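Have a look at the structure below, then the notes.
By written order: A, B, C and D. Residues from 1 in each chain.
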Amino acid sequence: MTATLTERGTHRERRAHVAALHAELTRYGLVTWTSGNVSERVPGEDLFVIKGSGVSYDELSWEGVTVCDLDGGVVDGVRKPSSDTDAHAFVYRSMPEVGGQVHTHSPYATAWAARAEEIPCVLTAMADEFGGPIPVGPFALIGDDSIGQGIVATLRGSRSPAVLMRNHGVFTIGASARAAVKAAVMAEDVARTVHLSRQLGEPVPIAQEHVDALYARYQNVYGQ
Amino acid sequence: MTATLTERGTHRERRAHVAALHAELTRYGLVTWTSGNVSERVPGEDLFVIKGSGVSYDELSWEGVTVCDLDGGVVDGVRKPSSDTDAHAFVYRSMPEVGGQVHTHSPYATAWAARAEEIPCVLTAMADEFGGPIPVGPFALIGDDSIGQGIVATLRGSRSPAVLMRNHGVFTIGASARAAVKAAVMAEDVARTVHLSRQLGEPVPIAQEHVDALYARYQNVYGQ
Amino acid sequence: MTATLTERGTHRERRAHVAALHAELTRYGLVTWTSGNVSERVPGEDLFVIKGSGVSYDELSWEGVTVCDLDGGVVDGVRKPSSDTDAHAFVYRSMPEVGGQVHTHSPYATAWAARAEEIPCVLTAMADEFGGPIPVGPFALIGDDSIGQGIVATLRGSRSPAVLMRNHGVFTIGASARAAVKAAVMAEDVARTVHLSRQLGEPVPIAQEHVDALYARYQNVYGQ
Amino acid sequence: MTATLTERGTHRERRAHVAALHAELTRYGLVTWTSGNVSERVPGEDLFVIKGSGVSYDELSWEGVTVCDLDGGVVDGVRKPSSDTDAHAFVYRSMPEVGGQVHTHSPYATAWAARAEEIPCVLTAMADEFGGPIPVGPFALIGDDSIGQGIVATLRGSRSPAVLMRNHGVFTIGASARAAVKAAVMAEDVARTVHLSRQLGEPVPIAQEHVDALYARYQNVYGQ
């Protein structure tokens, strides 16, 4: 948890890549003001890089991204890391297969999260990407491991790379930061379409065997 | 179905034109991430060109568009064609009058599709463009001719150039790729306005004779 | 009604001004594809200028705007005038105080129009600009004076510079094209806010005396 | 209340800063046409600077921002100050801790205001920023101190830096103009998410002790 502020400027390429990925969050309207963050694991180093706290999206360059160890301690950087760093760190410690994470308060997904209601799988694109509903995680206060524990407990039992944390927002995981960003973008997209569909009636369910077939095919074609 | 990868770089002008048309899909918010695609028939050659699979909209140039035969086999191109290529190919084989096609998951139209509910014709602009309701096609899994068959079966009996495929999204046809893009843009536009209208009550129907008069006039002025 | 195509290129400044005003329609999301149009009277000449039919917003310069007489006949221009030209012409003939007009299918206002429901005056900004509800005009087919008659009949008895034509869209008037554009922009703005408010309950009415006071003050400060 | 128009061009840096902050109002869709305004107190001078009336957002530079005394009288500037200047002046006179203010008619927040319904605190981000619900102020006519009195009476008893003035719009306060802009942006953001959540059911309340804990932590980390 100690911050050794020597060696500033390490991992510049990965920090620049993660900084640039935040542009997808603004492009798709997932974030407001300085909210939201992307992180990526540094393979083989027990480190990850994450957006600094309160950094404006207009000014985000590699220097706005901080290098942390897997306990969330600062290893290199000029910005305090995101206040969600403890949650990201917990997920990296608990799920070695996770290479990237994203957190947003994107409006439609967070609207489902505020009702603690999972998003039902009524779109073929949702079966492709999420393999079923997008699940809801528990209410958790910031400040300790509660949010990270809630994310891990919910996603371990799910095909979905996205979880709606109750009254809070969306957390997504992926093999890379880019994959987690895609999951965050698609989560808001399907949250919106299913919301719109439900406003005027009840969407038609997709049979479980069809959800399974779509998911299997998509993961074979696009997955790892 | 065999891909002869000789003669790369043929049909560049048409591929560049189709690549450029995708900008209308992003401009009107019809697509998210790499979803959505435009295709256009090559007149007199039993070929069509279609967006490559997973190509980012930021990077889309003529090289991101692939040339296929009418069975969906690659004839020229460096990108695997869209995973919706089989559906486009089936439509080109079945409907010789179709010169262009578009597929999107645009949110309002897909919300109607998820409820398997046609969009009623309650706007004069909808009577102009669609000549009546926008119909719903069947649920169909990707991977064979099912989607193409559903599109053709639904559109053959309809004035509408757009079909809402159940739980999936929108497919549109036109005499050219540009005409199909216009249909996709207008389909989302009317899907949204009728959705908004229905949220607070019941839109007033337009008498069938007025729908007919509007459609006849518009097709005479703007149609072929 | 005859189009004398001599003297091309007259009234360039006014045509360029009207062309440029269309950028406000795209900025505020009031129009889709080539729909929508702005016109302005030429003072002292029994003429007006109006957007050409089917002109793309990306290409709109003074040449995309056509000069018409008050019967809607083309006097100068290379583009066929908007298919709504007869409606604009009827309004200019009937209401000498009107110097500019706008027509759109902006989504929220058109959603009210599809239900043939006036927008109640529940916002102070709406009292300022519209002096009360935004009224509904009759259903009218394109092709003769019906639309123009419906606009005039509705607006003559109203403080509102905007009318919701049933199942169709919005027409606005003003002392200038710019004033009519402002009315079209504000009509969609209040149509949206009142729609949103009504979705979750019933907005609180504003007492008629307060509507009157707000309207009187605003017209004194900003009016003519 | 007398306007001494000598010494034009004073306080240019603060006026340029306030002019630039208006770009956040357009970026987040909080304002339409020329509506909305930002002001900032001039520390130690019994003055504040505020957007001029009817100034277009495209043309807003330091000259579009006017210097006023705490009675709302013009001290320096070429533009008549915003018609909301009396409200801002009243707040600066009554609440010495306020350094900046913003007023908008942002659509979702104004939709709550039109129903005179406070926004319940069902999001952790809302507990952070607003410390509870966003309260509703009274209906008040423009033209005297009524609006200012309503703002002050409502905000004095609230942790929230934002008030929804009935049938009107949002007013926010902050230690600086930037802080008030952030409050206006976040007010619309949470107004939208809670609106969306309520459309399909009832959001889960957050226990008061959790609201208190989130607010206390956020103010310690980010507050003054």
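Heads up, the rule we're going with is that a contact is a pair of C-beta atoms (placed from the backbone, for glycine too) under 8 Å apart; a residue touches a chain by one contact, two chains touch by 3 or more.
What you see is a predicted model, and the numbers here were worked out from it, not measured in a lab.
Common neighbours of chain B and chain C under the contact rule above are absent. Between chain A and chain B, two chains of identical sequence, the interface residue sets overlap only in part, with shared numbers making up under half of the total. For the pair chain A and chain C, the distance between C-alpha centroids works out to 45 Å.
Centroids of chain A and chain D (each the mean of its C-alpha atoms) stand 32 Å apart. Counting partner chains per residue, chain C shows two or more touched chains at residues 199. This structure has the following touching chain pairs: A-B, A-D, B-C, C-D. The residues of chain D lying in touch with chain C in their complex are 32-33, 35, 54, 83, 105, 107-108, 110-112, 114-117, 139, 141-143, 166-169, 195, 198-199. Remark: chain B residues 28, 122-125, 182, 185-186, 189, 192-194, 196-197, 199-204, 206, 210, 213-214, 217, 221-222 touch chain C in the complex.
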